[in-house]
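Shared chain: chain A. Partners: chain B in the first complex, chain C in the second.
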Partner chain A sequence: MTRYVSILLTFARACLVRDMTFRANFVLECVTSLGWMAMNLAFYLLVFTFTPEIGLGTGWTKAPFFAFVATGMIINSIVQALFMPSAEELTEMVRTGGLDGILVQPLDAQFLVSMHRIDFSAFANGLVGVGLLAWAIPRLPQPPHPVAILLYPLLIACGVAILYSLVIMLAAATIHLGRNQSLYDFWFYLTNFSRYPAEIYSGPWGGPLRALCTFVIPILLVVNVPARVIAQPLTGQGGMMVAGTVFAAAAALVISRWVFQSALSKYRSASS
Partner chain B sequence: MHNSSQPRTNASSAAGDPVIEVRGLAKEYRVFDKPEGLLASVTGLFNRKSRVVEALRGVDLQVEKGEFVAMLGPNGAGKTTFLKLLSGIITPTRGTATVLGSVPWERTDDFRRRFALVMGQRNQLWWDLPAAESFRLHKEIYRIDTARFERTRDELVDLLDVRKLLLRPVRDLSLGERMKLELVAALLHEPEVLFLDEPTIGLDVVAQHSLHRFLAHVQAERQMTVILTTHYMKDVAALCKRLVVVTEGSILYDGSLEQIVDRFTSHKIVTLDLDAPPDPAAIDRLGFPCEIRGPQVILRIDRTRIADVLPGILRGQGVRDVSVEDVPLEEIVAEMFRSGSTAGTNGATGAPR
Partner chain C sequence: MTAAASDPAPSGFLARRRLGLRVWWTMLVICLEERLVYRGDFVLGTLMRFLPIVTQVFLWTAVFGATSSGSIAGYSRNDIVAYYLLTMVSRAFSSMPGLASGIARSIRDGSIKKYLVQPVDYVGYLLAARIAHKLVYYAVATLPFAGVFLFCRDYFPSIPDWTTLGAFTLSLVLSFLLGFFMEATLGMLGFWFLEVSSIVFAYMLVQYMLSGHMFPLDMLRDIPTGVAGVSVADVVRFLPFEYTAYFPAAVWLGKVQGAELVRSLVVEAAWVGVMIVACRIAWWRGTRRYSAFGG
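On to the complex of A and B.
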């Protein structure tokens, strides 16, 4: 384990050296990313000039909702920084045969495929998320319970694990398909569902969609559960959600591992 | 996919055992034929025609410790597929293989620490970073202790004279410079087996010569087992005593370089430099296949008759200089590729090496 941490730090160092080599690009990526976040936040502020709450009686008033948004930013920035660059590169590596170089190295292939590229500029959003959370918490109707504060990092990790599992399964599909340039688009569409409170999915269409995105592809648990734990009072139902999220994260990791390994056994490499 | 009776010894190969042992190794791919035209492409969405391509057809091979084996063959012969199987990148359709006592496609870390693969057409160093950064990463991945890493790196860097390139981004290097650094990276963990897939492709003669000297030196010093695939006879002649010729997924010849000449040619090339262009009729009367290039005459004479006929030829033609050579290896191998030699698949093996 310590070896993998040490290698991850070496990857991080190499990526940082590379990012610093192209400083203007690094700054531009940070600015673009922060600009997009600022536009999103401005949109939500605009929404709250028309309504005091997202869905009457849901508890998602302004401060809790911004805690929700901040939680989403933190989770997404971790995934975008640590996993997405490598997963996106995998599609090209499969097409060109670059994956060969990874498979001959004495390390877990999934680790190498998932984490050999780190995009430090994506952490910028996470830092904004932490700032937004720091703004929102003192303004919550009720301060977070100490247990909730302890559970929050665990549930953030679970959210990251669920998203990572989806990313790696989509990336593994590349090995079967040979080319999968829609990986990023598909991931974006999927994670879009996780960006809003689960309460918005109601009615004849919303109900089944909510069930699908909770129990089949547990994308609704990613942000909703940690955000709810930190921003809303803990209830008995909350305990079930926490347990369900931990279970979903563990199951997602196991399933994605199996999918990746089975895809790898079908790898045929590109002609030289 | 692989045979259940596959040996599963992961321990080091016992002394005297072959380092590489391959039995009936076959690899088939299903490929889809894409018909031409828009209508055919749309039809192909619903009804794709596929066929099976045999990249390797039951190859047998044994390689002993310290051998430097060249694998020669035309494009698509199955050379790279063979190396990918031995490296564990892909799994075979049939057959068994062990490298250093391990089954390659089980991809154990212990096995992967003991070999290296260099592909001439693929870059494994980080493109935007200096090679020194890739070497540092390599040190962590292969768990090389610092003292050993620095000693090996310095030795390899000095042998290839690339110290001044270490801090330059890889993308700014020439192909030859990149290949030298790829080799340094591959050898940092002191592999026992090295697979080289067309390492000299696209390199100029100076870079080729430099790599030849380096590889010959390192292989001899470390007693490394090396399999080299190449299109260039220069690589083979400079580095290897043993040659394996592959076409269409089968081994046509496996033996020494000298034997291939004896086995596949019956004549030698006699080149005569004359005082003046000869009378073609007089040359024809000698009765040997010939080619006349101004004052130079090239004869193909049965090797068993050379000693008998050469004195007579030298007496009668006003010869200033003469040379007697074997048929160039390129010519022999090209003829083997063309004819798909019937000397026997996996049966044309040379004498024990």
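On to the complex of A and C.
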């Protein structure tokens, strides 16, 4: 384990050195990434000029909703920084045979495939998320319970683990398909469902969709549970929700590991 | 292409036009075949574009559920859903994924020089390639589009009259041309900056927000700019972006009618003219400062 941490730190150092070599580009990437966030926040502000809350009686008024958005920004920035750049490279690696070089290394292939490249500029969104959370918390109708504050980092980690598992499973699909340029798009569109409170998915179509995105692909647990714990009062169902999220994260990691290993066993080198 | 190239040089205006059309047609066919090579990936990408609409429908349903008003900026809940679906159609015409970055890349890596020595108009080639891309896209997307629209038919008002349908079709064709020439002009900036990815991203951000893709632009009517009597919507109306998403959808929904409809179509056509000229000037000036080395 210590060996892997040391290697991860080496990767991180190398990526940081590369980013700092092209400082202007790094700053530009941070700015454009923040621009995208600012645009989304402007849209939410516009929505709140027409309504006091998202969904009648849901409790997602302005401050709690922005705590929700902040939570999503923090989780997504971690995934975007740590895992997405490497997973995206896998598509080309499979097509060109570059994956062979990874498989012959005396290290775990999943570790190398998912963590060898770190995009530090993606952390900019996470920092904005922390700032937004700091703005939202004092404005919440009820201050967060101390237990909720303790649980929040754990649930953030669970959200990251669920998204990581999803990324790994999508990346594994690349091995089967040979080419999967839509990987990033698919990930973006799928995680789009987690960008709003689960309560909006109601009615004859919303109910089944919510159940699907909670119990089958637990994408709705990623942001909803940590955001609810910090932004809304803890109720009797809170314990079940937290336990369910921890279980879902652990199960997602195990399943994605199995999917990746079985995909690797089907890999046929494309190189000569 | 081979047949056209082996012909003796044509004389006369009509013969030259005929040759030009044949070359253009050949380019279109080649591009169509190219697009169909990775059709599985293409179909997957097309179908996935409907997913964000689902969340938007649920979001606005929740917003309308929480507000006592049955209308937001003149849109009912059904109008909003219909609007988002119609902007999908607008964007299917006006969005040009990879066009600007592709032009900039070919400038940077030097592959653009083959168009400088061949008797092929580069902008014409790009236009043919883009039409081919769109034709394949429509062929793939027509069925899911029809399915989604049929499924959501209750959200739409009754089918508009023939005049509105004609105006809607015209606005879509113009939005295709506007989107193409705006992005092509942006890509030509590669002659001056080489790397334009940040400029393209900034353009995409502005375009996404101000085109009405994100929300109906009428919602900006009550947002002040700081200047008395001028709202953000008034400022946005002076820009070409609304014609790439908002305008065709607004035409279908009857939000723009009569003289205002004619005026808007004329303005859209004028924007297309402006962008064609801008693209040609950028190409003409760019190729004069361009230099390539090596084989």
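Here is the rule we go by: the second predicted complex is superposed on the first by the 272 of 272 C-alpha atoms of A that agree within 3 Å, B and C clash if a C-alpha of one lies under 4 Å from a C-alpha of the other, contacts with A are read in each partner's own complex, and residues count from 1 in each chain.
The rule is simple: a residue touches a chain if its C-beta (ideal position, glycine included) is under 8 Å from a C-beta of that chain, and two chains touch if they have at least 3 such contacts.
A quick note: this is a predicted structure, and the numbers were derived from the prediction, not measured.
Colleague: Specify the outcome, clash or fit, for chain B and chain C once both structures are aligned onto chain A.
Modeller: fit
Colleague: Quick one: classify A:Y196 as touching chain B (first), chain C (second), both or neither.
Modeller: second
Colleague: Identify the partner contact of A:P143: answer first if only chain B is touched, second if only chain C is, both if each is, neither if none is.
Modeller: A:P143: touches no partner chain.
Colleague: Would you sort A:G239 into first (chain B), second (chain C), both or neither based on which partner it touches?
Modeller: A:G239: touches no partner chain.
Colleague: Tell me which partner touches more residues of chain A in the superposed arrangement, chain B or chain C.
Modeller: When the residues of chain A touched by each partner are counted, C comes out ahead.
Colleague: Who does A:P52 touch here: chain B (first), chain C (second), both, or neither?
Modeller: After superposition on chain A, A:P52 lies in contact with chain C alone.
Colleague: Is A:P153 touching the first partner chain B, the second partner chain C, both, or neither of them?
Modeller: In the superposition, A:P153 touches no partner, neither chain B nor chain C.
Colleague: Going by the contact rule set out at the top, does A:A42 touch chain B (first), chain C (second), both, or neither?
Modeller: A:A42: touches chain C, not chain B.
Colleague: Check whether A:G131 is in contact with chain B, with chain C, with both or with neither, and answer first, second, both or neither.
Modeller: Touch partners of A:G131: none, neither chain B nor chain C.
Colleague: Contacts for A:G207 in the overlay, against chain B (first) and chain C (second): which applies, first, second, both or neither?
Modeller: neither
Colleague: Quick one: is A:Y267 in contact with chain B, with chain C, with both, or with neither? Answer first, second, both or neither.
Modeller: first
Colleague: Once the two complexes are overlaid, how big is the angle at chain A between chain B and chain C (Cα centres, nearest 10°)?
Modeller: 90
Colleague: Give, as a whole number of angstrom, the minimum Cα separation of chain B and chain C in the superposed three-chain arrangement.
Modeller: 7
Colleague: Sort out for me which residues of chain C touch chain A in the complex.
Modeller: 38, 40-41, 44-45, 48-49, 51-52, 54-55, 58-59, 61-63, 65-67, 69, 72-73, 198, 201-202, 205, 208-209, 214-215, 219-220, 222-223
Colleague: Which part of chain B faces chain A closely enough to touch in the complex?
Modeller: Touch list, chain B to chain A: 1, 29, 80, 84, 87-91, 107, 109-110, 112-113, 115-117, 119, 121-122, 124, 126, 128-129, 133-134, 136-137, 140-143, 169, 197-198.
Colleague: Contact residues on chain A for chain C in the complex?
Modeller: Residues 28-29, 32, 35-36, 39, 42-43, 46-47, 49-56, 58, 177, 179-182, 185-186, 189-190, 192-193, 195-196, 199-203, 206, 209.
Colleague: Show me the residue ranges of chain A that touch chain B in the complex, using the header's touch definition.
Modeller: 3, 6-7, 10-11, 14, 17-18, 21-22, 96-98, 100-101, 103-107, 109, 265, 267-269, 271-272
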